């Protein structure tokens, strides 16, 4: 029988799956905004540092920024909050720009399957963190930036300013100081990786830069805008800057998908179906390649450290629009 | 400031990412077929059962079946092989049809982060396997089928016959017997889950059905055809049968993405960017939603148990076509 | 300075630690019998098999058998109970007789540090159990006996008859059957070790023999008598039989000390200071080398699976007599 | 049948195990000194800090100090070396004096079953180290001393001076500095325990004191003399000082037995049969209660970090004298 070459299987006409029309994002966001009310206080606001615990639990904002520049927003979508671990996405992008695939010699690309600050795998795997979106991996990424830039956190702030066009973006010094006082676990990880030779700068230097980058404040519209380069083949629409080549942008999205939501990645992908990065400040930033970026903010967290109402809202968004990467 | 409502960010015109034209699949497959030659013998053929070890290492086949019924094929794309763990996808689909989301009470949806036959997590997590695509999870899925059907393996064979239209599909009895004689690890897992109350049928019944379903033989074209329902909103194009609703089909694809390639899922998603399920027989079956399914076969495996040339070929396919879910 | 040779350090006369007189064992046992009353119902009787759950929780017996043949006993010291894991001591002695140090190629000599039926270490350590006193290790020991004797459990019964002189000792068939019906976890371990090649007989054969040996019934006096060979340089005082050479007897005691009380070995040695083996039937058998053996029975267990009142009684015994190995 | 009360079992006369005469320690030590020659260079000198790597591998000393003050010595028994982890025994004694059983709220008493600097169990067990003889546990012990004494290492030096009567004992500043520069792993553990609230002083303070106490230098005779209080009911023979009550001294010996030789405790107890504490400087200090203390020094280590020739020598000592705690 012919092995190589084209052939046709005659499928019955009714088998074709109808494609969806462009959804009415604004209407859907407003509907989500109404429906989410009972979920907004169901989670638990992060309280491991006092500054984060002060944020009112009932805040909720959500914004979609489409590749054509249209912004759809509801609620507190323009109120800034502490982006926390979402900063790992921007730091990783910068480090990936600097080192390319050599970055993966120092940090892996696999889901962790354990709590986000676990030292267990770090020991088994000899100081090489599972991926750049868990704390250990983010410390390696920050180490890369600290080695390249005198002020790693300043370089990062400037980067998100360029991605958004918002010149007044900055980190909050009180939040950063508060983090620094509660960084024992991260310090343990930094020294531990140093013991395996996987940290090039002094641990305390890396810890300080890391605490500052976590304390950057942005709002939903700014975050969605900043992530658009991932949906746009690596080019930031605001500035036209080529952040990454198209293939690298796709790969970074892939990494977000498998590793971006702590150890709930499997559940998140199942329910939401978008590459995303979350933070304990209550923000979740997600991307629909070729289409848009979306950011939701609600400070109450679920057991995995992801925004409880945020995950729910994104699940409704992809279910109601029929849009996801699958 | 206005929080809710639409707005426009003025993006410079040059920032838009150009969409790709429809790729010439046949040309790209033929190019891959040529380029892959040196990789075909780089992997290691599975030898844990004698029947699998007999397959010549240099075999290579690859087939794309588009949603319009066009088949693109190269090499040994129409030679049947032992589908092994790819059967987990079809078994899971059947069990998901039967139980819906109740299935997830008995098996999780998270990547395992450990070797595919690990008992460690099974102990920590009290007999609930991480996901349906590792052996432990597949045994639970088979237990579901054994409870519903007198012959679980027969039900599964009939299912893949309907999905492909190939009435002569069957499992190979010698391979199944050989598996049964080397199933000590799977027996350990079955008894272990039974000790936690997560197996309803006798362990040996489940083991036998499992060994037979792994021994089903199909070729690349048949496998790609059988998976099309996942790319087609849950409807099998061959028969028009509604296998799953659109949302469930997406979710099953999501699960394949995070859990379908053993503990290399992160690396696979990074390199290939498609939901996929691999088997130690050397087959990998992947799906591009809304577009096509693709299957590659090359018996030599990498350290994670995935076809070495198969992963490489799929990476080239998504890179050269610019097509992936990201 | 002189390095080799004798010298004297002048210690002040008052520094010598006074040795204790021979304690009045019977008086101390009777005192313990009185004091233990409130502890007798504090533990939880093993209920994983119905036959064990039937034993009244308030039973308590304790017996010391000195090397000169004197028996000191209180309470239910002559009522037989299910020796359960204490049988591991006798099975290990037999296997050690058969194989000598070659036994340690198949089973280790280190404390487990995990729950007594854990499969985790078994996986990490490629099917070689940590020691012969956890279930996995005892299954390997039973495998050794099954290979050597047609009826491993009969050989073991005959061995304890010789050690005690009690010709009517036997296992309880109902308990053995009950164990066999609840042996899923042990079956999992047997198949798992078989998958690593560390089981030579069929798993089910080993499991049956193991369940029967656990169901042997003995009383405190019989158990203490049976263990005297360990306190007596390897010679059983009842029969004069040389069970082990003096060095091997010491080594088996050493193994009991570090591994005999599940994962509470450190705590037990700290509190009691005697080599001992416990069972979920509520018995604990301990040895004071050169002096005596002691057995206590109280069915209520602590969180580690050791008799709660039993551990307490032994702690009082060594504290009140000032006798221990330290 | 009578349950409570004395009885006699008639044992045949030949069954009694003959007690050994007092062994000729000096002759046995000299024989060991001769026989050990080929083993002295079989191990691997610790090289994780440069100062330790400088010690000649072929050094070998051994000393027994009996409770009557007789010193038996061979080889380099009066040459001082870095006691390293043997200091954990003295530090633990001091902390146990200070806190009594309250010490065990902060550090456990179970063997670790893992490598001596593992963070895995520390994470699972929420910052409470397994025992005071692994590094993590010793850091907690040092934290106790740092809180009580302005200079914890000075208090410890003064303690060992009192135990030995050697007024010139001290730590080596170069070794301490060298340790401090290679303390990344210990720093990681200190910060990690701090993150669980199980460190009361600043991590760096504890680390410095810890590095200094490890750098104390003593010889075999001094170490054996210092440990005599454990063999002597808690009273130090040199000074008559009551270090611990008799029961606590026994318990500390028990702890040494189960936890004193890293994760080879089971093997060590099996082969040697004495409570002991080893250090990576090549020293092993052991105790025979009621009789003597013995110290051996040979810098080459086995895979577990214990002196290779040291363990062998102690095994020969207890085998040839017939003396052990069993």
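Which chain is which? They are A, B, C and D, in the order written, and residues in each are numbered from 1.
Just so it is clear, a residue touches a chain if its C-beta (ideal position, glycine included) is under 8 Å from a C-beta of that chain, and two chains touch if they have at least 3 such contacts.
Not measured: the values here are computed from a predicted model.
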item	value
Shared interface partners, meaning chains that touch chain A and chain D	none
Shortest walk length in steps over touching chains, chain B through to chain D	2
Mean-CA-position distance for chain D and chain C (Å)	28
Distance between chain centroids, defined by C-alpha means - chain A, chain C (Å)	55
Centroid distance [mean C-alpha coordinates] between chain C and chain B, Å	50
Where chain A touches two or more other chains at once, by residue number	none
Set of all touching chain pairs, with the criterion as stated earlier	A-B, A-D, B-C, C-D
Parts of chain D lying in touch with chain C, wherever the complex brings them together	1-12, 14-19, 26, 30, 33, 61, 65, 67-79, 108-114, 121, 130-131, 165, 225, 231-240, 246-247, 249-251, 253-255, 257-259, 263-267, 269-271, 273, 275, 289-290, 319, 322, 324-326
Complex contacts: residues of chain A adjacent to chain D	118-120, 122-124, 184-185, 187-192, 194-195, 203
